[in-house]
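The same subunit A turns up in both complexes below, where it pairs with subunit B and then with subunit C.
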Partner chain A sequence: MYKSWWKILGAVLVMYSTIAGFLASVPPLPILHQSIRNLYFHVPMWFAMIVLFTISVVQSIKYLSSNNQINDSKAVQSVNAGIIFGILGLVTGAVWARFTWGQAWSFDVKQNFAAIAMLLYFAYLILRNAIDEEQKRAKISAIYNIFAFPMMVVLLFVLPRLSDSLHPGNGGNPGFNAYDLDSRMRMVFYPACLGWILIGYWIYTILFRVSALEKNK
Partner chain B sequence: MKKFTTTLLMLMLTLQLFAQGEGSAIADTLAGSEKIYVVVTCVAIILIGLLAFLFSIERRLKKLEKKS
Partner chain C sequence: MQLIREVQFLIGKELLLEWRSKYALNGVVLYVVSTIFVCFLSFVSLRGVTWNALFWIIMLFASINTVSKSFLQESKGRQLYIYTVASPLALIISKTIYNVFLMLLVTLIALAFYTLVFDYVPEDMGLYLLATVLGSLSFSTIFTMISAIASKAGNGGMLMAILSFPVIIPVIVMLIKLTKNAVDGLDRSVSLDEIATLLIINVLVAAFSLLLFPYLWRD
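Moving on, here comes the complex of A and B:
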């Protein structure tokens, strides 16, 4: 957590993916045109969010087995960091949808379920604020978190596949493979995902360290 | 006068044909230039979000510094 090599790696990968994301060539696509480059910015937000929520659920399980408040603090701070990325993903998705699907919010299944998944985690934070006793708060919210995580996975990856969606890879639509069969796009997309995940983890460590300092005061 | 009207009507007919040639029905400013500005907007939103996060951390640190 305190070493800096992975922070530098994350920064370099994000820099590379941003520059290459704007300058590298993309396959010609109807409707999407150049906006397919959003793949390097919108999708990594969600990957970062999912990794942060995974960290949170792992810390919650650790809390239940160890009763160590540090694990509880890590769980809540990774949810805080994950929500930043979730909101950024929703907003960038709405902008992208406005100019390719015609409406910012077209009640596409994946859009709706992503919003509900965010609400699940808002509920987690509200639940925490509602309980005053520290031990009780940590235990109840850890259990809630363990239920919320599989719900989030089902909402984002299972249910959208069962019905028609405008998102690629869901319903009758082809997956991203149809777009980035182009190996040049993969060369940008995968580093972008890794880079943003590392940046997300960095944000989480900063939040955790600040909150630890606040507690010691 | 009749000829003029016919010519005008013919012109309008071709205009319509040109309009169909544009392809997408969404003709917004951001949709221009092959929609590259959509990407620019999204990158700007991400930057604004991260900068807002920086400011919030800054505020919390300031409080800590005041206390110590």
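Moving on, here comes the complex of A and C:
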């Protein structure tokens, strides 16, 4: 992945989705009104976060089988990049909730569990700070990372389905495809997801290279 | 076969050590009883949802204190000895089973005392008991693995709490939902979802513990 075409693609897609996201027409809907444009920013953040955390758990598994320090620093840098996207997802969600549900923190199950999933990864970073020895730190944090990943999956994908949520597609609310009869929004939404995932991956590679350079100094 | 014999032997060792000092069980029972008393004296009377939530919060802290001992308490020398005589799988299985028994005993004693002090019995006591069994099972499987991680990191109590709270929250949420159904005396078929989810979380955690512990144990 040292070629640059995917970086250009990511940048172009994000720029396209931002411009089209603010200017293209959206279906007129009650309550949501123009705030529906946040779909192009809020949802791709979560996709990018999940992709980055998956990269991290794969690198942790690789570390346990190879004991190569490079895999460890890849794992931690992808968690760092994933946390940025997780926080952005929470913030964009809170702004959206403020204008459609009335409160920034509406005690919605998905909001709560996403915040707890972030706590899991903060705990991972604190665990790393608690151990001084490099090899030991890499091994123990890789184990916690692999242990935490299925819990994050349960928190984000299983538990919210068991109770009512204010999010579309839950608790009797229609899913977003019901609002989007003429598929106009999809033309922006799918490129936005791909673009943000690519940008997330780009951020992660930069973070990793910076940490590698710092180590070699 | 070798594994089963090792597990039996290690559980026997844990029970023997416990029987000699009688520290863990008596200590945690006293801890739970005094916490319940403190809560009783501060709340005086509790009903329904609050009664239920308070019980699980008390049990959460009691179980963190009980289970975290399983690895944090072992001295370096004894760990090294066990490492040479038993396989890591046998060790984690035996610790988990021992903790399940310990937590089951503690939870049942605590529930009996809690209902006695607050003079309140949930509508569906059978379902509540099932929930406490599931609760002690999940607490022990999760906390045993986390305490192994925390003890290897060499930084006891605080790390244990930080690492385990985000992992235990889904379990607590499910348990409180399940026991709220029991408190309200809803039909048992309503609670099947929660029971299934708790079992799935348990199987998931147990599988990952068995897979990961050998890597953790090897120094």
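Definition applied: the second predicted complex is superposed on the first by the 215 of 217 C-alpha atoms of A that agree within 3 Å, B and C clash if a C-alpha of one lies under 4 Å from a C-alpha of the other, contacts with A are read in each partner's own complex, and residues count from 1 in each chain.
The rule is short, and it goes like this: a residue touches a chain if its C-beta (ideal position, glycine included) is under 8 Å from a C-beta of that chain, and two chains touch if they have at least 3 such contacts.
Keep in mind it's a predicted model, so treat the numbers as computed, not measured.
Chemist: Using the superposition on subunit A, decide if subunit B and subunit C clash or fit.
Modeler: fit
Chemist: I'd like to know which partner A:148 touches here: subunit B for first, subunit C for second, both or neither.
Modeler: Touch status of A:148: second partner only.
Chemist: With both complexes overlaid on chain A, does A:167 touch subunit B (first), subunit C (second), both or neither?
Modeler: So A:167 meets neither subunit B nor subunit C here.
Chemist: Given the touch rule stated above, what does A:96 touch, subunit B (first), subunit C (second), both, or neither?
Modeler: first
Chemist: State whether A:110 touches subunit B only (first), subunit C only (second), both chains, or neither.
Modeler: So A:110 meets neither subunit B nor subunit C here.
Chemist: Vertex at subunit A, arms to subunit B and subunit C: angle between C-alpha centres to the nearest 10°?
Modeler: Computed angle, apex subunit A: 110 degrees.
Chemist: A:158 contacts which: subunit B (first), subunit C (second), both, neither?
Modeler: second
Chemist: Identify the partner contact of A:74: answer first if only subunit B is touched, second if only subunit C is, both if each is, neither if none is.
Modeler: After superposing on A, A:74 lies clear of both subunit B and subunit C.
Chemist: Taking the superposition on A as described, I'd like to know which of subunit B and subunit C A:139 touches: first, second, both or neither.
Modeler: Touch status of A:139: second partner only.
Chemist: Between subunit B and subunit C, once the two complexes are placed on the common chain, what is the minimum CA to CA distance in Å?
Modeler: Checking C-alpha atoms only, subunit B sits 25 Å from subunit C at its nearest point.
Chemist: Under the contact rule defined above, give the subunit A residues that sit at the interface with subunit B and also at the interface with subunit C.
Modeler: On subunit A, the subunit B and subunit C contacts do not overlap at all.
Chemist: In their complex, what parts of subunit A are in touch with subunit B?
Modeler: Where subunit A meets subunit B, its residues are 18, 21-22, 30-35, 37-38, 41-42, 45, 84, 87-88, 91-92, 95-96, 98-100, 102, 203, 206-207, 210, 213-214, 217.
Chemist: If we count contacts the way the header does, which residues on subunit C are in touch with subunit A in the complex?
Modeler: 145, 149, 152-155, 159, 162-163, 165-167, 169-170, 173-174, 177, 193-194, 197, 200-201, 204-205, 208-209, 212, 215-216
Chemist: Which residues of subunit B touch subunit A in the complex?
Modeler: It is residues 23-26, 28, 30-31, 33-36, 38-39, 41-43, 45-46, 49-50, 53, 57, 60-61, 63-64, 67-68 of subunit B that touch subunit A.
Chemist: In their shared complex, at which residues does subunit A touch subunit C?
Modeler: The contact residues of subunit A facing subunit C are 64, 113, 116-117, 119-120, 123, 126-127, 130-131, 136, 139-140, 143-144, 146-148, 150-151, 154-155, 158-159, 162-163.
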